[in-house]
Amino acid sequence: MHDETLLQVKNISVHYNGVRALKGVSVRLDRGEIVALMGPNGAGKSSILKSIFGLAPVSGGEIIFRGRPVPPATHQIAALGIAFIPQGRRVFRHLNVEENLEMGGFMIHDKKILKRRIEEAMDFFPVLRRKRKAKSGTLSGGEQQMLAIARGLVTDPEVLLLDEPSLGLAPKIVKEVFQKIRQINARRKTTVMVVEHNIKSILDIADRAYVLDKGKIVAHGESFAFLESDILERVFLGGVGAK
Amino acid sequence: MKKTAGIIIGVVAALMLVSAAYVHSMSKKPVVKDTFRIGMIAPLTGDAGFVGVGMKNALLMAREQWGDGKYNYEFVFEDDQLDPKLSASAAQKLLNVDKVDAIVTVGHAPRITVPLARQYDIIHFAIAVQKDIPDGVNNFSHWAPSVKLNGLLIKEMQKRGIKKVGVFRTTSLEAWVAYYNDFLEGIKNTDIRVVTDQTFKKGEKDFRSLIARAKPTNPDIYLIFVETPELEIVAKQIREAGINTPFTTLEGFEVTEQPELFEGYWYVSPVEPSEEFSKAYEAKFGKRPPVCSPNAYDIFNLLATAVERAGSSPSKKPATAQIARELKKIKSFPGALGDLLVSDNGMVMSGVQVKMIKNGKPIALEH
Amino acid sequence: MDILTQLVINGIIAGAIYTLIALGFNLIYGATKFFNIAHGVFAAIGGYTVFFFFKLSGVSLVPSILAGVLLAGIAGMLSDRLIFLPLRRKRGSSVIMLVASLGLFTALQSVIAIMFSNRFQTLTDIFNIQKTYQIFSGVITQIHIVIIITVISLTIGLFLMLNRTKFGKAVKAISDDEEVARIIGIDTDRVIGYVFFIGSAIAGLGGILIGFDTGIMPTMGMGLLLKGVIASIVGGVGNIYGSVCGGLLLGFVENFGVWKISGEWKDAIAFGLLIIFLLFRPQGVLGK
């Protein structure tokens, strides 16, 4: 079912000012999957996504997308077909909803295609259509998160990377967001990698998951396996990271 | 007998050797003249650079003309760009590093050097108008006195029937403030009034609103107390405001780069230097001597005269107190600026005259 | 009243000049959140380039002005590429960037002084008394009309660029969130380089126009920068309409201020205005 490996992170290490955030970490993403990256705060989950996008200082290892090494310059990656929704609902606050979506399609030169994609994105998130002319800074937290994800979809990416999409959102909204992610994966066939601390929500929709602790992968497997084991409990409460 | 002869010959020979050596050493040994070091702090670059350069040239020319004196005269020239911070550091360098015996100053430097001259006990000759700079002990000055300049200015205004004066002046330089205060004093017993007094800081470029304020008062003449570049900018902006009233000033017009702005206008300045000085300066440096250069020339001659009178031996220069005493004894001295007199409080006064810009050049008016 | 009309005109003239400097400064600040002190020296570079070509070398007016604007723009872009970009990459703190820009300012200013001497220079051959026009009961000169028209055109031009072109939208995105702009595929380093070019070219144009009005001096940059910064902050930093608003406000306050107070207080009034805004409304008149 998932045999083509789209994205491979091989053995990377990340150091911030001498502090080691990741050591020898490898993850892979196969076509059509939803993969979860989990772990306690500071485990290094976000660093994995950031390093794919050239936003973290990577020393050692390689990152391969569709068989080719990913360029280190951040702005060259969107064109490959990977979209990144960073942590914190980072919309362009001074632009309105429609303009934000337009910016998402910055790489698209054909105006008709851009328009179509924006309409499709608004189909997916009807609340955005209702508020298309509203300045995005005035939207609620949940609406902003939808906008951030929608913006990523405008390029119709093959791979969607999300960093803590549920952060700071009310439980009801969190549920909605994860429903949307599942729909994106099911209907649009977008491959997804999600960093999440909300274990229940993510394991609900993920096919596979990795668990990180203190910069290393400590567990990895199909999501149902995690629901049955106590590894998560041990990691989050005790810490199982290799010393 | 032979022994005695031998001794006599030996002694005579020794004596002859010794006296030969003595005479030899006496004739070979040069008289070691002591060196009198004179420092100068003036703008050598920038808008006022021509002033310092003129002073430097005049000092060099004066020394050359002085020739072989009792002492060697050495100069140390420091550029302060008319910036008081640089004046202060220049003074410190001259006093502590070069260990000068005298300093010649102009602009902001005089005020700064006055206390240092006392502290280090050297002779300070300022080309400055402020009355409180010379003290006759360490500090001397050589400039046409402000009272004299203003006196002639006011007299000329009265002669031409001027009653209302509009003033544009800077408060950033002491000299202009001193001039203005003496101007106000001088018009007290006349029917001349200041109808508008617009002040500004040096560095200002936009005088238009000050001009708008002055315009309705309708002066008979505008008195501009500031130098380049503000002088030209004020004049230009007054014209642009549609005001055709003439301008006048003290000293200012002859040092402008744009004399067309002041064509046909009279003003008051220190007397022209003597023909002799001007010719010699022009022959040596290729241009007319600028303002302050005759003063520097006179200062060297006055100083050297006083130093050589005060000093007894060429190998030891005299003390400051002795030099000061000799300076004050000078009551008639042929200088580039006329017959010079050193007052008891250290002021060397030179004459004043009315001039006009004609065909772009300053000419003296009949007085 | 005669004098009031003239003060209003003077306020607009001064305001236009300050706006000219503030426009470029705000454009760069908006995109990079960087307080570029060197901005002032690009005005001097513009003025001195025209001085060199037009006055010293006899090149005709329009090419000289083009050269001045271009050279100022290029100087700005180079300073970004060679100094500010590497510092940004190293995540240099704003203090380091500020010091670097101050160092650049001083160095370039010294070079100009060495090449052209410290003295005040005029850009026209004879000390040109400008053609003047009567407006209501006040007077305005030709060069001031040119300055006002230039500022209006530039403001409209910048508005169109920022809102109607793809480049402009990229600039706006970068102003909001530079990292996300990169994530969606904008080559932010290149765009910022062009922003520096445009902003510095505008400063150069300002220096040229001011040079024709009053004159140029190697040290002209600092005074202009300070007024430009005050105009920016008072109007609303990072906002082009803020530049216009702040520039006009500063111009008016200065000129009406000296109506009642003596001329020496002009600078004090300008900085007083700045301090009032910093204390009570730091986002400026049009700030968010």
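Each chain carries a letter (A, B and C) given by its place in the written order, and its residues are counted from 1.
Basically, a contact is a pair of C-beta atoms (placed from the backbone, for glycine too) under 8 Å apart; a residue touches a chain by one contact, two chains touch by 3 or more.
Note that the structure is predicted; figures quoted are calculated from it, not measured.
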item: Chain-level touch network, classified as line, ring, star, complete or other; value: line
item: Middle chain, criterion being Cα centroid separation; value: C
item: Centre-to-centre distance between subunit C and subunit A (centres being mean Cα positions), rounded to whole Å; value: 43
item: Geometric centre distance via CA averages, subunit C-subunit B, whole Å; value: 41
item: Separation of subunit A from subunit B, taking each centre as the mean of its C-alpha atoms, in whole Å; value: 79
item: Per-residue multi-chain contacts in subunit C, two or more chains; value: none
item: Complex contact set, residues of subunit B against subunit C; value: 45-47, 49, 81, 171, 198-201, 203-210, 212-213, 215-216, 228-229, 232-233, 236, 239-242, 257-258, 260-261
item: Touch list for subunit C against partner subunit B, complex; value: 2-3, 6-7, 10, 13-14, 117-120, 122, 126-127, 129-130, 132, 139, 141, 214-215, 217, 223, 254-256, 258-259, 262-264, 266-267
item: Residues of subunit C touching subunit A in the complex; value: 166, 169-170, 172-173, 175-177, 179-188, 288
item: Residue numbers on subunit A that touch subunit C, as the complex places them; value: 53, 55, 73-79, 84, 86, 90, 92-95, 99, 102-104, 106-107, 151, 155
